[in-house]
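Mind looking over this structure? Questions follow.
When the chains are written out, they are named A, B, C and D in that same order, and each has its own residue count from 1.
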Amino acid sequence: MNIFVGVDLGSTTTKAVLLDERGTIAGRGITNSRSNYEVASRVAREEALVTARFNLVRNALVADSELAGIADGFVPLLERTFRREQYRDQLRRLRGELHRSGDRGRRSQSPTRLREVLDLIVDEMDERADRHFGALAVRKSDFFRDLAGGDYMALAERFAEPGGVEFETLSGLFDRAILPVENSVSETPMEELVGRALDAAVGASGPRGGAAAGLELAVARVRSTPLEELSSVGTGYGRQRLPFPKEQIRSEILCHGLGAHVMFPATKTVLDIGGQDTKAIQVDENGIVTSFQMNDRCAAGCGRYLGYIADEMNLGVHELGPLAQQATTCVKINSTCTVFAGAELRERLSLGQRREDILAGLHRAIVLRAMSLLARSGGVREEFTFTGGVARNPAAVAALEQLVAENYGERTINISPDSIYTGALGAALFALSASRKAA
Amino acid sequence: MNGDGQLFVVGVDVGSSAVKTAVVRMPAEGADEILALRTDRIRRRDLRKVIHEAYPLVLAEAGIEPGEVAYTASTGEGELVDFRRGHFYGMTTHARGAVFLEPQARSVLDVGALHARAMRIDARSKILGYRMTSQCASGSGQFLENVARYLGVSLDEVGPLSCGARSPEQVSSICAVLAETDVINMVSRGIATADILKGIHLSMAGRYVKLLRAIGAGEEHVLITGGLAADAGLANAMRECAEQGEMSMTIHTHPDSIYAGALGAALWGGFRHRVLARRAAQARREVS
Amino acid sequence: MNAELAQLLDRVRGLSEDVDFACVREWKGQGSGRKAVGYMPIYVPRELIHASGMLPVGVLGAGDRLEIIRGDAYFQSYICHIPRSTIEMALTGRLDVLDGMLFPSICDVIRNLSGMWRLLFPDRYVRYVDVPQNFSPDVGGAYWRRELEQLWSDFSGLAGRPRDARALARSLEIYNENRREIRRLYEARSLEPWLYPASELYLVTRAGSVLPPEEHTTLLRRYRELVAEESERREEDLSRIVLVGTFCEQPPLGLLLTLERAGCSIVDDDLLLGLRWLTEDVPEEGDPLDRLAAAYLECSCQTASVYQPEGRRGGWLVESVKRNQAEGVIFCAPSFCDPALLEQPMLVEALAAEGIPHTQFKYSENTGQFAVIREQAGTFSDSIRLWSEA
Amino acid sequence: MLLQKEMIGKHYRDLASAGDEGSKVVYTFVPGNLTELMGSFGVLPVLPEINALQSGMRKLSGDYISEAEKQGHSEDVCTYVKCDIGMLKKGNVGPTGLKLPEPDLLLLSYTGCFTFMKWFELLRQEYDCPVAMLHVPYQADGRIHDHHRDYIVEQLESEVIPKLEQVTGRRFDEERLRQRLALSAEAENDLVWVLESAKNVPSPIDAYFGGVYYIGPIFTAFRGTQAGVEYYQTLRAEIEERLAERRGPTTPEGELEEERYRLVMEGPPNWTSFREFWRMFSEEGAVVVASSYTKVGGLYDRGFRHDPERPLATLADYCMGCYTNLSLPARVDLIADYIREYRADGFMINSVKSCNSFSVGQLLMLRQLEERTGVPGGFIESDLVDPRYFSSANIKNRIESYLQMLEQKRGTAA
């Protein structure tokens, strides 16, 4: 199968979208951005290839009348199995790195004692893997850093004292070890992990007899289908650093505009709130950008603002929105600067204000800033599409809906669960159309 | 007050990252003496609780009873110190604390978690001029903390690492929050942690030297107070910047610099106590 | 506090917080065909509007009472705040109550704002009032008289009534009386600042930007009487301060309160100059338009927006410090305000020459956090009090 | 270009020796400058704005600005002023390395900017020399009123000329002024021809980055001089040749090969990274065919010429007609016309932090121009001479996105 790749190297996350020749989405992949851009874009791409394979499996099953019944259960099982394998593989590397940095440090603790504690923690993390990837598990994040980090810190707190090691030492070690883990690629090729997952899933899925044989056959066929990349286009904050030639790099503004247009063809106005910048884009009926505005390099008003606040509150970014939605009033936040807002938050908490209400204020603050940008780019026109990571945050969405209604009247607001992939989708479309043109 | 005219005074400096408390003995004559110092990081804890817990502990450390305290003064964000007798403003106390720690100090640079302030003072710690950084946390202590976290080094390591840097990386002023990506960028270009830290120190130092310049600090003894005084890398970078800017000031830190605010508050408290006592005595004399 | 005083203060606070100009709407509703003309702060001859039977309405920004959404879309981050909230009010229909809008020549921001108004509201009456920077009666004076004449004609057209010199003469008197009353209040405050907290004085004065002048004069008088009866207000140990730099964008009320809480007692200020830019009475004799034109040349207050033909800047400030026995000066200018901030070094020089302590900081009308300002003002007043006698 | 360097070099040498030669020196501003009048008195003009921009180009402005801020100037205000004050405090050494003479008179032609007034008041505190204030009314309703012209002429007669007479000890000679005005008009004709050559496709000039070199002499000391006339003759001949050979404009990288985008620019350029900024456009094949900045010292392409027949009135008209003295609606009209007349693909606004006179209202201009012309606009932010406000990556990103947008738009139109 021929595929076209779009990679969006964002400041916080790197996304890849694969299109087939007809322009349908074959796969999507995401990873957190990290210091090695090349690794980030490779991982995102491989992740997308993995989902592409899974999709192929699903299609093969659905196409087969005998197997169609199990497709709904099989693919998620496959995915979970794969993720667990992948997580374990990364844990192995984390263990290695933890040991290595533990040995290097000149600490008062005896290195063996430290190693023992570290092993205790990682062993336990390994056992907990199923909690993240069980059938009913609600996964807190897509990223190893977050999943492992959460477990590690909790366990470190538990084991530090009995193990005679300082918590600070342990947390420092994690911060150090996670970097090389993220910045290198596993020795186990992704294809092999996928293969293992497929085998395991076939084993665990339970069909017997003819169905089992059919399943095995279908899976084998998918495994041997080659996925060939015909062309690729890169975009996003880090696009200049991608190992792509210049003509394969597109401005993220254009990609977001086009991506939003393809997802919601009647889109006129696009708002993208990403990790480190916010863009307001107006597009015409062909998805072509007619004007745009973006903010300055200040975290106030971007996703990182919320990320920072989440850190301050010891929460995950995905927890912020739901909490803020429980607010009874909306506190007015006076600080513009993110760091000062963090301080204001602490101050207000200590004065006894409700966490939910303050959070509501913080969400409103960031959306207000986006509203100005929107106004500057030409206002909110019908239809309006909200993309970027912050579109995943229900409180931000609610605040936006309210402010748009107040200022522009009724507008259709499009939000897709896949909106974080908008830029990458646009890039993939550019890749596809470039290769069509060349042909 | 004891019969011998000595006072015990307490200063509580409520910052945005930590609460600093100091207990000082002020004899009727002779030098004032620090009895106890204490820092309590706030770190997502209830601020009121931190303050209230710290107080008895620091008194115990100083070996005095609550009833013996003549004056408790707050400074910084002192509203929550509801057991205080008076409040003094941050610059007033840092200036006083600085002169107490280093009597020759004529300029004070207070660098805390969110703000930096430069003050020029006289021998009595009177403030002759000052400048503060604006409402952007770029280049603040919190910023440095964030950077350290992204680099995976602890605050104590920051200074020594930076001092050992060979070819510091030029860093423009960057957002304290987005610094993460900038730092990641630098790491991705293979720049050593030490060089990144030194670069950041130099960029911060540049701003601070500018503040000092703006208040007209000349050939003087500059004392760094506040949390970042503990960071040898910053002081070092400041010296380099001052030299480059052909400024002949000398940059100093003091091991107790972080307590300058708390000490200053305590000492001003003692001063006020005596003024008030004198007034009361006078009033009594007038009555009788 | 006396109930009537409390009520009066409530009323003026309500007027200053009202971004919908309800009282102007009310005034217009009381007579058919009534019209109102808005103006940005300073150097606007309100007398001419009044003489044409219209209500002059000061547009002083929206302070912190409006979330700025569209306003920010028109102004880059490095521009002061008052034009943002003003545009926001206009775009949300709040200024529809105004039948015309005047933009005096204060600075490039207000000047360009007048052009923005023309582009955004092509059907409304807009005028840029280019105040002369030449003070010779035959040159700048003649020019100003022509401009005023033009304005007067415009107003009479807008109001639909002929120009009437007698009406103008009466308006001059009414405004003379109003300014006299404000001056009295300032003098009283300078003598006993603890009786007239700056935040109150500000609100009471500010009411004059939306009330008819006759009504405002009565209100001012009543305020002074009520305060005199107020027995709870006692002298406190505060530093006497002159506040400067706040002539256009209005400081949030919280700022004035903060200064006072930090130990500064304001004994003179340059707030609300739009209501008091003429520092003496306009003479009652002669052709009223001539007198009004001449008054600008002879007795208008000095601000950063007006050229000073001779000498060094800041004489008036030193004089105010001395007259009011102030112990220091606080420069408090809106962020990004070029006139005020460029003026400051010259004023500082004048103060330094006299050994008058001073400090400076910036605000914007919607600043909500005063911690830093409190800290600086507090330190300033600490330094005056703790060290001054020693 | 060489010729221009020589002219400027000589001017600064003359200035440096002004004290020895007994020449009188007048400081004044570019918009509304009375060069012909000053010339008729034989005084040498110093233009602090030009010094500031030169300091920016030579990367000295950062130091100067921080010197001024150290003296108590706010970081918020116009950096031209701070750059100038800083230069003064650091010895007043001009762009060619020669010391500048102190002013005998500050001629404050208060045209199109309030900051000018504060600037010269600040200089007056330093030099204690006389100031002649010329208040030029703003063209708020888009036209010149007779009584405004009269007001300016009266000020010239009662304020400016007497002060020039007093400083130089010479009497005002109207005939000499007329001669100079005639020379001005001649050079102005050629300048307009050069600027309008950009109507050709491809354009032989860049009317913004290249344009600043073209306007240099006529906006400064050389209007109304023979040298000025000759400069514009030479320039015109050069462009005629270029046009005949269908050659593109000069860029920092040599001649532009392919004109891919035609742009109109609003707002002054950034000086501290002038070449880098220029390169961001030229590398992508973007040529600026018309700009408003090249009109700050006179709007000649809309018909105004200095007129020797009405010497003082023509000066008044000149002052009132400078670009920044135009109302916002008039500015929008002008740029919209440029976009049409010069067949531009797009327009771009460089909004500089320093200059409220230029910048306030530009975001509204952007909207209005897009609506009126149907051509998309781009918006970038930088500063004149403050290196802290030139974020290269940011600006590049915006320019790149903008140009790609134009290209994409063209792709579908075709």
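The working rule: a contact is a pair of C-beta atoms (placed from the backbone, for glycine too) under 8 Å apart; a residue touches a chain by one contact, two chains touch by 3 or more.
The shown structure was predicted, so the numbers you read here are calculated from the model rather than taken from an experiment.
The greatest number of inter-chain C-beta pairs in contact is found between C-D. Chain centres here are Cα means. That of subunit A falls 50 Å from that of subunit D.
Here the CA centre of subunit B is 40 Å from the CA centre of subunit C. Centre-to-centre separation of subunit C and subunit D, using mean CA positions: 35 Å. Averaged C-alpha coordinates give centres for subunit A and subunit C that are 53 Å from one another. For subunit D, residues touching at least two other chains, in rising order: 72, 363, 381. Among the residues of subunit A, those in touch with two or more other chains are 296-297, 335, 340, 376. Among all residues of subunit C, those that touch two or more other chains are 73-74, 369. Shown here, the protein chains touch in all possible pairs. On subunit C, the positions that touch subunit A within their shared complex are 67-70, 72-74, 77, 367-369. Partner subunit C is touched in their complex by these residues of subunit B: 77, 88-92, 115, 124, 126-127, 130, 132, 135, 268. On the subunit D side of its complex with subunit B, the touching residues are 66, 69-70, 72, 388. Within the complex, the subunit B residues that touch subunit D are 173, 210, 213-214, 216.
Chain contact summary for the complex, subunit A toward subunit D: residues 250-254, 286, 288-294, 296-297, 376, 378.
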